[in-house]
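Next come two complexes built around chain A: one with chain B, the other with chain C.
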Partner chain A sequence: MDGDSGWMMQHAWLIPALPLVSFAVVGLLISPYWKKGAGVIATLSIVASMVCAYVLAWEYFTLYPAGGEHPILVPWSFEWLRYQPGLAANVGVLVDPISLLLMIVVTTVSALVHIYSNAYMHGDYGFGRYFTFLNLFTFSMLGLVVAPDIIQMYVCWELVGVSSFLLIGFYYNKPSAVAASKKAFIVTRFADLGFLVGVLLLSFYGYRIFPDWSAEVGAVANGLAGTQPVDFQYLNDPVFLAKFAALDTTFLGISLLTLSMCLVFMGAAGKSAMFPLHIWLPDAMEGPTPVSALIHAATMVVAGVYLVARLFPAFAFSGTAALLVAYVGAFTSLFAAVIGTTQDDIKRVLAFSTLSQLGYMMLALGVSTAEHTLGYTASMFHLFTHAFFKALLFMGAGAVIHAVHTNSIWEMGGLWRKMPITHITFLVATLAISGIWPFAGFFSKDEILAAALGSGHYVIFGVAVLVAGLTAFYMFRIYFVTFWGKGRGAGAAHAHEAPALMWMPMALLAVLSAVTGFFPMAEYVHLGEAEGHHGINLAVVIPATLFALIGIAMAASLYIGDGHRAVALAKMLGSVHQTIKQKFYIDEVYLFITHRIIFHRIARPIAWFDKRMVDGGVDASGWATRSGGRALSLLQTGQVQTYGLWFTGGVAFVVLILWSALV
Partner chain B sequence: MSIIIPEIIVLATAFAILIADLFMNERTRVYLAPAAVAGLLLALAVMVVHTPASGALIGGRFTMDAAGWWFKILFMISALIAVLLSMDTLDGRARVRVRGMGFRGEYYSILLFSVVGMMFLVSARDLATLFVSLELATLPLFVLAAWRRDDPKSGEAGLKYVVLGALASAFIVYGFGILYGLTQSTDLETIAQRLAGERAPAFWLAAALVLAGAGFKLTIVPFHMWAADVYQGAPTPVTAYLSVGSKAAGLAFAFQVFYRIFGDALPHWDMLIAIFAALTMTLGNLVAIVQHDIKRFMAFSAISQAGYFLLGFLGAAEEGVPAMLFYLLVYIFSNLAVFACIIWFENETGKGQIEDYRGLSLSNPLMALGMTLALFSLAGIPPLSGFVGKFFLFSIASKAGFHGLVAVAAVNSTISLYYYLRVVRQMYIEPVDERVPAPGSSVSIGLSLALLSVPVAILGILPTVYEGIHAATIAWLASMPQG
Partner chain C sequence: MIELLARHSPGLPEWLTLCVVLYSIGLYGLLTRRNAIAMLMAVEIMLNAAALNFVVFDRFSTNQQADGQVMALFVIVMAAAEIVVGMAIVVALYRMRGTVDINQMNSMRG
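Entry: the complex of A and B
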């Protein structure tokens, strides 16, 4: 790097490296011997990484001030594995506004969750293991965020999946947790298959087009020296995209560019739990609650959004792929919000709310185009604010669960007096997610709605406004039921405020949820020239706020008091309510498809074939290998004469081969 | 002059130990091993800090180049670790005493003689020096293999080794003789020039004889037969040294022969090399599966690893040489780490069957972890260094068009994973049936294992070392006779 870039810029690798080192040290050396130390050291490493991320952001925005050009820098990278010149797997750190944004979100939330977990997991038998996995996750997530090329992104993507699997199944002696971890892993792994094919398509054609592209663009002159065929900077380059889209090869009439972007989006949809791959996220709530706050609310699930944002120029160039993103996102946000209104488990409501908000971010990305990029900014803005208030909601839920020892909102109630801090912070987060001025969610949601309206997607805009109302309704539903009224369960009567290590991170997040809305995101995160903050767009604000207020009012009228109106309403709606409560029976549909159709009709014959033919073949090959080994070991007679004979025979063999090779 | 200083230091240390041993009693002889370590460390320091990367002495008969520099470093590191691993056994600190392992002065000085031989081997530039230094490197190994004089197995190992080693040496001498007859020169560069375009049958015979000699050192099938018996019979610290030192010397000899004498003909030999590579890795792997004795098991593992090395000769030298050197480095670290555990376990329990390692993860988690890491590296699990080393070698073969061979190598890697995991399984998964007394710890072996585990874990992630080797190789190739 040039000399004027700062120290942190040149040492940006520290940000993912610190959690990695801590993972190794804590996992191997500390956690077996000194449980408490594991938590402390794991936490300190993340805090250090967080400080590094802040310094890095400060350095970057000093070099390239807000409102101006924000180039993509790769201040540090090295070639890890080279197959041949120009085709190698690199490891590096990419710095640009969105990677910085994600670094800040991930390190901040992770640090707070680490601190919180020191109290929450206190006395748990897997305390050391827990922090080891948490560090592994943070490292993988940061590695994903800073990936300068799609290979590193994919590797870290899988690592993130593994750490999520390990943490969901953290209570491995609880069958439901084990089942949930398997479900999460299999569903996301299935989606990653699409991503992998997309990566292979992109890198194969990327490598083919690369020489042409270098000749045309003059990579060196454009400051793209050292660009590899798998780098994002190259994959997002308009010249490359034009060449890729213009290839004659098509698949079922779809251009290869659109096909690969749709496949990449399949991976993103799996990780971000978009319909119909959303089924793993609600079950993932089996993990410890701080894990839900970190992984399944604030960071890992937004990896899909980040991936789409990272490849945004490619998605926008394809057009069709972007529309797919928009409609999948919009549908998921509505679908999940509707289910969220009926769930009884506080963490599940939050999980469906996460799904719904992720859909928001996706739809914002999908509606933006190369010319009209407000949605891109809005999506990142919402990712930013959502991370804080959603993590806070989960932490609050964790504090409540910790105190009441149940997940069901109907066994809580009246907690505002016993847990005042939790109550206030939860209320702040609820207001933020409902989009009430002046809390953070108001501003980011406003931008998303403005983007949808401005791009002319009126249906999507309508859906988004409706979802804003539903969000306010289901959030205030759990808020009223949990904190107001009388204590209903035995646990609720004996609840007490969370310890300081737990409420302090929550208080900090509450402040962030309240004020981050005023952050001038468009000055920092934009494509092309900065689209100035539009101020308050009344055509957006009035319907959104109106719907949110109606939602709150309905929640208040139904759930303040003994809730008999809600019961009556549910009875009136009858089977509709039941259908929604059962999550539209999507899980049952999957079960039917997997069990009845795949297992019975397809898997059975395959299993038979597998058992008789494949296993037989494998056993046979194993047997052949072993008996081959045994037979060959008989050659080893122990007789020096035999050895000498073989030696001499070998020489004769070499002579023969050399002779035939040279004649 | 300064290029020969490391050799002189090692040689002087060897003699000093031999002479000092005469005036010492059993109690003070514990200082001999530290003396050997100090000598090697000093030589290493001189090598790293002071020695230029190239130069020539004695009329060009002793030369220094970048690849040679790396080889010498590797020889000295192997010897250093071998001394550290031998200390406990020789000083009688092992809980289960090995009888007949005395004579420390002779042991260390003979070990050092062997290192000097290897170091001269890479610097040799004519046939006579090459042969004499090869013998200097090998003869001490015969003696070391037979070190336990009251153990018939050790004696048998030494005898087999010496008989077959003599056979190999005889073939090499015959080959060299024919080469001299063809070219009337002992100077490697002159030989290479005069051999260019040579097609006489005598040339093939000479090439075959020399290649067989190199194959013997490198344990290439079918010249590998000695390895299993010698590895198993020799005292375990000697086996550790044999498994890396002898292989490194074999690779150095192969470099001398392939790149300096037969550089012109090498491209025509890919098929031969490919066949030997496939044979070696397959046979080594298949036989390793059915072994129960861990030393014999490691012998076959070492044979199969030699097959991977051969892949490096298939591509262009500027790709192949750094890949082979890097894999040698990785192999030395990983293999010595495994042997550190084997030696420690044998010292503590006197046992050496794979099944005996049952439950080691509970009784000594750090040792088990070190061994697991090293075995995974040998099997080539990412991101450990063994994976990256294998990746480079495999990609050379694939670029040279030997896709079938790469497939064979990949299948072999999978098979090897099976048998390396057999050991891990014993340590981690198999239930512990009896309460075995927890083995004690050892400072020298623990230190070696710690020193070895770090590069095993990080060499695959940090590319600096590979880049260093790569740069050195480019310089080395530039200095080659035919470029």
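Entry: the complex of A and C
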């Protein structure tokens, strides 16, 4: 590109390419022969990629200092697929604040998870395979983050889906893991169907409007000659959006812009596990715990949030689609937080907490508009901080599970004495997610709440404050039950501190969870004018902190000690508690719909039709040919004189006909 | 007697009738004999009927080019060649099967 952009900027493709190369090398050459080397090389490649991402961020913000304009750059791209003249999909690297943010989050968390996994997966029968898949995932996620157009985004979107599938089903001889991986794959694929239709709608109308658009904005004169109709820069362009929204064609009374944005959001909701497509994420905890930390907490599940953020101008222009995002996000965050208070499996609690926090990010995006973009910044800020403290929580949970050999919190207890480092880091992450000053979660949550309040969505603000309290409650519930009191199981008695390779990444993440809140995100990530850090808004801080403290106090009163008060409360709530514990029977509803209705009423008649009508028709034509041939073969007696007789008769017949015709 | 024959020398219809009779005898033999050699003999009769046909038409045609006689000579030569090949096949069959009964040569039956 231009002369003054740095070396890293011109070689930004290295960031996703390093994990890709290492994926191929480790998977094909190293892991079959040298298990330990597979882990080391995979880790080193991610660390190298992380360093590249840091250098790239440093170069970008040197060129465009904080607080100023932050243009979207595509320093490296090439034409990949030419559909027809004027419609081609490029593969490239897009650099702007949010892609840099995601690159840093993904490479950092991924590098730490790789280091942690070297110890966690030690001696596992699939050690090499594990690191191969982890590298594949990191490559796909980075490819998704840097996608300059929606086609590359979609391709990498499916790649992260398949690597998530491979890693959830990592223990492929465990039936529950296999079922969970299939569930995750099918649910996200179903959601991706919506995304695909959205992509097709956008590119179809994008292509149609494109000539108009380039004439109006003077694309060639303004240096936009290389723009393609599937590029995000074009899809987010206000001129294009205005033309798209003004099309006469509508679908059931909603404009095509809103429709395609809702369809894209369906894909995002599937990947980010929004209600009602959330059912795969709790089950995805069947995978190894570091995978849960990386994929199902910090990075892949935020791909949906990132997609909405990437297309934010389009969502904001549609308005209706943004509202849908806001309400789905708010509902999911409340719904998941309520379920999280009752689960017994430490990883499931964290999974529901992830759902809840993803809902938070979505609602922040949904409430912001083109004029009022605080929510956009807040969402990215929460994505950033959440990645660190949630990855830390999962790593802590992994260390505990590693030591205790069970997932049930009721078989843990009293671990603070035996695992001091894990205890401290887990406590830091718990305080961070509960939104206690001065930990990271406080600042990002505060900004989300301020955005919700400032945009006038009081219901959403109320829900978000309530969820803040619930979050503190369920997080401190598992904290107290796991680390305080007496050891309840045999495993808890023999627990020991995690090895250094495991606790060092945790310690680093604990530091990040503690301090990233002071990062002036608004200076770096904003749309239009930087709104500046709004300072401490007491109308937001007081209720949020109050609810969090109430939550902590309730958790303390219920779960410190033998927990008889919690049992009594559960008994008192009776069926309500049971319903929540069974996750509102959503899985059962899905099973009912798929098995009883789809399989029974639709699939079975179709299968019958296929077997009897379609296959039957094919079989019948085959049968007719075969039996016809058999009947005709009776004429072939093999007796040359019979043939001679037929021949003579035939000739005589022809002669007779000719004779009667001529005479 | 000579005179009688001269006065009643056979015309074209009689000769053609003879040809048809010869041909039919050959065809009947070809379709009914079981012995392959007998079938070859029947084929010879049919060929000779055709050759006779040529000669008859040559005798009764107006131009005196003797084309038909030439064709008859060709037919005789060709028949000789054909019987060589046919007999060779029959001998080969006999060596292989030990019989020349055509009813047993039915390995091509469907």
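Note that in this section the second predicted complex is superposed on the first by the 605 of 663 C-alpha atoms of A that agree within 3 Å, B and C clash if a C-alpha of one lies under 4 Å from a C-alpha of the other, contacts with A are read in each partner's own complex, and residues count from 1 in each chain.
We adopt the following convention: a residue touches a chain if its C-beta (ideal position, glycine included) is under 8 Å from a C-beta of that chain, and two chains touch if they have at least 3 such contacts.
Not measured: the values here are computed from a predicted model.
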In the superposed arrangement, which partner chain does A:Phe78 touch: chain B (first), chain C (second), both, or neither? first
Please name the chain, chain B or chain C, that touches the greater number of residues in chain A. B
Please work out whether A:Val655 is in contact with chain B alone, chain C alone, both, or neither, and reply first, second, both or neither. first
Could you say whether A:Val640 touches chain B, chain C, both of them, or neither, answering first, second, both or neither? both
Is A:Arg626 touching anything from chain B or chain C once the two structures are fitted on A? First, second, both or neither. first
Show me the chain A residues, by the header's touch rule, that chain B contacts in one structure and chain C contacts in the other. 632-633, 635-636, 638, 640, 644
Enumerate the contact residues on chain B facing chain A in the complex. 159-160, 163-164, 167-168, 171, 199, 201, 204-205, 207-209, 211-212, 215-216, 221-223, 225-226, 228-229, 265, 268-269, 271-272, 275, 283, 286-291, 365, 369, 388, 391, 395, 399, 415, 461, 463
Per the contact definition, I'd like the list of chain A residues that touch chain C in the complex. 632-641, 644-645, 648
Okay, in this complex, where on chain C does chain A touch? 27, 30-32, 102-103, 105-110
Footprint of chain B on chain A - complex, ascending: 28, 32, 78-84, 625-626, 628-630, 632-633, 635-636, 638, 640, 642-644, 646-647, 649-655, 657-659, 661-662
